[in-house]
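Working notes, structure below.
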């Protein structure tokens, strides 16, 4: 019993304010755009130089000059703007984004993130991740709470090569919503059917409590 | 999202005493005269804001716009490259009287420092000013055998900007060489307030033609037929007008 | 002044062995496929140029464009941010076999290093990569209490660029997100060669709409209806075509 | 007997190649644009964000959003481009200009230039001069050979605050054309009626000769 990536995306979407400027990482985080609460409209930024793009076009109607950072086709909306890569990362690095939501291999209670390299073997690829973690006012992570073989992904210290130091402020996991405050994991929400002990057992650093822990309630999707 | 502001007074209402304010323009072109005058009006009515640090390429001309803001006594410090103009008497008297601090910055360095502020680059190296009085006290480093001066980013609390078209999302276009410092200052200020000749609906500005994307803009106020500083000065204008 | 070049072969004729070549594009969008293929044609006919250092955000997809250039064996080193794609087999095999050097650069740092190369900024500081393996060996400095990594400019001998409209002076526009790295690379190369969908007369591009002013461009070649890498890959294209 | 500023501008214009990108300093150097030799067309850059502008408009037809760095009205030409100040100085600092022509208070045989400050009194103003001297492939100076009270402006070392170190490559003076090569003044042309000794007497550093010295011949203007 855990949230699907779609459900994690839904939960992450609930925290995005009306009018927020948001960058969604390649892959599952891209789904966040689909779940904007009624009456709120975020403005999405993609590293390759578009602000305020719309949803995917119908198949066959793609224009391959109009893609997002994941190389997927997107569409125009009233108010879309194009710009080059240096201006795009000025938006990122300059702190103009409100929220960035990224995937993760590991997150540490220090806020350190590892999401770009699984080690010295294979082909390393970093893309815009190292820039994004220093750019947005809030850097959130969307991730399964544990690896496919059941090992914790929320750790005291990351073991994989870092993407950034002390950069993550909130984790939307498949089991819980956890803030990172002052180098500690602070549990905000967890699945109601899951005990705190069970959640702690799947987390390799202490889950601190500040006030009540709400139930993590997500619709069937 | 609607970043439209109701009027000029509302647009400048939030600027506090002691703020650092970037003001767009190169001489009169691209200078947000109406926003500046609204800020002067507020100061004359309330005594605030005062003690401002202003960033602009110049130091005003005649007795309108930036010169009028200096003349009103609202400015504590000016960061600029070229405090000369056809009629620089306001700045010159205030500066020579020791009532205004001046930080003189080479023009390209000024532009790059502002861009750096907007782009999250805290420092960069430039050949400009190496070996001159304007490099005194700044770190020097040699790259590829050539010496360069380290310069720091420049940020502001507010930017007062003049653009041509704006939409409710804050997307902007400019008019010819009135572009100059304006797009850079939009990036470098925490709160960027823009006067535009016309507010158009989102989507009316071609996405290819947007010069400042709305992410850099917090407020847009429509100001049709904005004054040109040059025209005002040729007409001998003074702001605020002195009662005859 | 007329920077128009007669054809693709002439456009790529001057690139020597060992050159550093920036190639525009983000994945397939904005990738100058026809210029790349013309360079491959030259290599296949003459054995030159080889040993190229290429700067691109990616490392090719399938067996066309940048991937085909790698597959032909013309590249010694790749400077990029993201050497993954739907079909990265060409790069991956070459890299894992140790036949291709890779310099991995965070995407925003790559963009800023290229801009710095074009803007005469030999080095700058960025928060990006601080505390990571990609900062190893780079100077770190603290500004306002926060640590930053020093990064160096990136320049090239040649840039191969895809734009939309171009005029004989070299003024360029781009098409939507095909803009990406192209305007930056125009600035950072000693010789910038651009394929455009259409060459128009000087003055036909609105001065407000020029994205790359002609000063950054040395040659323009008209290439109507340019191929999209994505379309080629979906059709299973291989360059050069293998005789059946 | 000396050249007028107009004649100096004419002489400087003769060295500008067809298609060269040129920045002309505020004041007398602006006149260089008027004297492009037949069949050559330079492209003029102004710091405030225009490339390829045209001549001054007729009086009354000025548009004050279309001015040069000296705040004088200019006009559009086919192929004009607008850009912001950071891009404008990227052109300068990035070495994309072929020629910059500036005024001078003093020039040293080292190539040092002083043209922005006459000392601690008064209001200092630097503008784009310190950027331009490091930007163009050729940095030339247009200046009277001596000050109004007859003192040399071409010196071993500048006495006034420097604009740039080792940056000037050619001097168009009211009496001569002088290159700066390896920290030495090399005389290329002088007014025919002026003896080398007389010219040297008005120059506070040695004038070196390399090959023939041509006559500096300029039309009445």
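Letters are used for the chains, namely A, B, C and D, taken in the order the chains are written, and counting of residues starts over at 1 for each.
Operating definition for what follows: contacts are C-beta pairs under 8 Å (C-beta built on N, C-alpha and C of every residue); 3 or more make two chains touch, one makes a residue touch a chain.
All figures in this text were calculated on a predicted structure; none of them were measured in a lab.
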Which of B-D and A-B has more C-beta pairs touching across its chains: B-D
In whole angstrom, what separates the CA-based centres of chain B and chain D? 30
Between chain C and chain D, the Cα-mean centres are separated in Å by 36
So, in whole Å, the Cα centroid of chain A is separated from that of chain D by 55
Numbers and ranges of chain D residues touching at least 2 other chains: 82-83, 86, 89, 92-93, 134-135
In chain B, the residues touching two or more other chains are 112, 115, 119-121, 126-127, 174, 176, 207-208
Viewed as a graph of touching chains, is the assembly arranged as a line, ring, star, complete set, or other? other
Each pair of chains that touches, named by its two labels: A-B, A-C, B-C, B-D, C-D
Spell out the residues on chain D that touch chain C in their complex, using ranges where they run on. 18-19, 21, 41, 43, 45, 51-52, 76-83, 86-87, 89-97, 134-135
Given the complex with chain C, which residues does chain A contribute to the contact? 46-50, 62-67, 69, 71, 82-86, 88-89, 92-93, 112, 117, 122-131, 134-135, 161-165
Taking the touch rule as given, give the residues of chain B at its contact with chain D in the complex, in rising order. 26-30, 57, 81-86, 88, 91-92, 95-96, 102, 104-112, 114-115, 126-134, 174-184, 211, 228-231
Please give the residue numbers of chain C that touch chain D in the complex, ascending. 1, 115, 117-121, 167-169, 171, 187, 201-203, 207-208, 210, 213-216
Hey, which residues of chain B end up touching chain C in the complex? 112, 116, 119-127, 141, 143-144, 146, 148, 152, 173-174, 176, 207-209
